[in-house]
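What follows is subunit A paired twice: with subunit B in the first complex and subunit C in the second.
Our next item is the complex of A and B:
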């Protein structure tokens, strides 16, 4: 495994670049209301890299998409939440303001980069369209910069790639083109939603090193969403663990990986770290919860090896160190016993 | 593609032969026959009947009659109208032009309004507007065109008196293009309603699929304005479906125009067929039906070929 890459700006005491406070997002569905995100608060400092970890259905993607109120409503129902970007509140219905922030303030790359491009147009045309709309510059004026940025993103033959349709390039190339497109708008924050999940191993490493290089060289803030601990561990300064729509643990990457406090995080780490040592693989027991009918109390209770009587009530996110928090009743019990 | 087009084009020959046989048979199936129609009261005189029968060639064998008629028709000679006493071809072709103008006008309505309605209902999916529009398209697609035509005449020509219901005479009349357009508004709209409804429904369902594609969300995330997400990105991928369904509507609109012409007194082939039936002008009726059928077959062939050109997979389907 390559050595972990660490950002130069490990922690920033100043006001965060982007702050999400108490976000709640639900979706109507035939089987009941899906509680996708419940009271989530996330802040991202300037130059900081935040990793968000969770299994599918943990709300990590919905939380990220909501950072620029991206999900159309309906079907999404935003029940609460306040988002500030560079000190300015993002108003959910202010399309003009959001349009300025989307792309040029907050860039976004998606899990399946090829699907994030329109199959009917060549890649070059789609990049030009975004730049023309955002920066008001002609394609000809932008071409040198486009080529340069694609090259920076390890695209060997930028001119050739610009002339191709999305289905004519590999997933790895498409992802690097989408990163280049995001960079061309010069955002302050890049949100990457499972950017390597749909890629083969070599492309994964390439895209991941590109993101790490970006963060180191450009001072860009990065939110990296993944279910893959290895990916997050390599580049995140701070880690947020989500489970069933809630933040269950949050802290500096070093603290989380060295001393996880929530049983779910411990389970995730155990299942990730044991890989390849010949023993039986450990996995978090049980199945992910049904977000349309969550049990009362702690959502992890049905799968938790340490569940006890107090877990029938929902625990609060409580300090587990100077900058480390976890949502678990075991924390209280530990302090009571001490 | 080319060989398929040739095959498909060759396949219309038997269809056209069948059409000509049926059209030819019309003359001999209808009661009374042309001789009585021409002579009227004089049909009681056997001498006159024999003379007219010979003049029309009706004393020859049926295959012989068919062959003579077909040969002349292919050469553009459809005989002489028994009502107007002029060559049928001089009646027919100006009327065909009128019908094609009405068809084209209907197509403009069906495409423009159908697309607009389809896109708008997809954008406001499940809203009151969407439900109401879908109900109206269902009713519109189920209603006969002549009934819709009568309703429109009653509302816009008689009650509101905004537009003329009748009075269209010729494309090259004194009022010029503006006059033609004024007369075109109501009949073209009446004729377009079914196709409009069909196009709106197809476009709506394709748009609903296309609007939730990841590339539309990505376009939004990249800061593109809403209209670009909808038109440049969503609609572009609906276009093949829209073109296919529109092609299939052309023949349908041509057929519908024939009915609408009668309601609005539009001097086209439909009105010609209608008035020649009334006047028992079998020669004219026969020629008009033949031309209508031939145009219908050719239009459908063209639509089919256009669709295949857009989607080469169809060739092997």
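Our next item is the complex of A and C:
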């Protein structure tokens, strides 16, 4: 069992580095409007690692892509939302500002790193191109730094890797190269969208350890999107659980994993494999809802073992502790009974 | 392309691999050899034949092929057919190559915009659809008829007619790549649309255009001959291959070589382009290449 990699200082953010307020994103589709993200607010403090957990289609990727207004519109429709980065509002139509933030403020890595490199060029040339655009520096001047950064990311033979095409390296190496590339422009925030999902177990551990080391050594803020609880549990300071486009629970990682308050989170945790557990694995009953035709009221109601009469209305995100929030009517009932 | 300090020479570059794959395709190599010879013959035509292609010898009318002095025979005005074929190649090649090159450039520009941009692209693609709806030959003839006959007209009308086809090839590639992860990554890295189009997408569109254009040049040799046949191309007494076939039709029974010889020339050159195109298709596609 690898050691937990949670950062030592669970930093209490003064002013958040990135703040997303009330983001709503929908997509038009032939079967109706898809409610991808509904009124989501996320804040990421300086040096903080935020884990976002959710099933496929829970809106986590759309929310992340929207952090720098990256989704083309159309087809995406931004109904509401305000994004502040380093105290400055990001305006959706200010291309120059967005390019600057995307280039040097917010780095992003994706699920399939090999596909995030252009198959027509060698890795070295692509890195050069990115650096030239972002930093305006020549590749020759950057070479030592680049090699050093790749070494930092546990690439054993940086020069050899730079001469390879994306399809010539393994997924794990490609992911570490893409992390190195993101680091070279010295971002304040790194968004990792399912960075380990496409990797084998050993590569997963390597990439996760690298992310943890980065967070500890560089003061970088990290947003880690995953459907893998184990991945998030090892790194995140704070955890956000998303379901059907909404945040259903949010709080410090320790609190969420020790005492989840939303039935969905409880189900997720129960379905994660416990060591030495011989019993049949629990699974959250039912399937994720169709985002084009959500049921009225709480989206989780059809799958919830505790659903009761009040669940026909959508619950608000309510405090469930000092820094812990959940979107569930059970919370109110608990306080009423107390 | 500038040499990259960060990409030291790999064991075997992609370019060498492509060359290798092409060299292994016998028909493509044969096609290339034929084409090189034909182009050389066209360039060196005055050195290869003592005859003028437009002035006949009244003492040597309708000499059959393989006669001494006239390898391919002469026509009803006593003009040497070999000389007419050789000088005719000087018309046939530009007629095939120039429209395709022009259409490739226009098609690349329109296709990239059409495939990549969701708003302007829609307008461009619908406009091209209008051109698609009109039969290609009919449209070319209509344009040529409106502008008057002659070589420039043929070239222009053919270029206009092929452009939508090349644009569609490019637009398909661009539209497929538009939402590819590496394009998303480029956008994340703060690349401008223009840079994404010409640095990230263009390299993927070019092989398809090269293959399509080469194969199309073969078709254009035939197409141009059709124009000549209809009298819309280069005007007499220019030795246009298509026009030669039309002239020979009158005496097809008594002197069949008059139409046959230019016909063979058209087929040979057209096939050469096609085989080269086929060879390139395999050579430029890494997936097909690795199957060899």
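Operating definition for what follows: the second predicted complex is superposed on the first by the 332 of 338 C-alpha atoms of A that agree within 3 Å, B and C clash if a C-alpha of one lies under 4 Å from a C-alpha of the other, contacts with A are read in each partner's own complex, and residues count from 1 in each chain.
What we mean here is this: a contact is a pair of C-beta atoms (placed from the backbone, for glycine too) under 8 Å apart; a residue touches a chain by one contact, two chains touch by 3 or more.
Values in this document were obtained by computation on a predicted structure and should not be read as measured data.
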item: Touching partner for A:122 - first (subunit B), second (subunit C), both, neither; value: second
item: First (subunit B), second (subunit C), both or neither touched by A:159; value: second
item: Comparison of subunit B and subunit C by subunit A residues contacted; value: C
item: Partner chain in contact with A:271 - subunit B first, subunit C second, else both or neither; value: neither
item: First (subunit B), second (subunit C), both or neither touched by A:209; value: neither
item: Partner chain in contact with A:254 - subunit B first, subunit C second, else both or neither; value: neither
item: Subunit B versus subunit C as contact partner of A:146, first or second or both or neither; value: second
item: First (subunit B), second (subunit C), both or neither touched by A:24; value: neither
item: Common interface residues of subunit A - those touching subunit B in one complex and subunit C in the other; value: 68, 70, 99-104, 108, 110, 112, 115-121, 129-130, 133-134, 178
item: Sites on subunit A touched by subunit C in the complex; value: 68, 70, 72, 74, 98-104, 107-108, 110, 112, 115-125, 127-130, 133-134, 139-140, 143, 146, 159, 162-165, 178
item: Subunit A residues within the subunit B interface of the complex; value: 65, 68, 70, 95, 99-104, 108, 110, 112, 115-121, 129-130, 133-134, 178, 181-182, 185
item: Complex contacts: residues of subunit B adjacent to subunit A; value: 213-215, 217-226, 228, 232-233, 236-237
item: Residues of subunit C that touch subunit A when the two form their complex; value: 4-10, 14, 118, 180-182, 184-192, 195, 199-200, 203-204
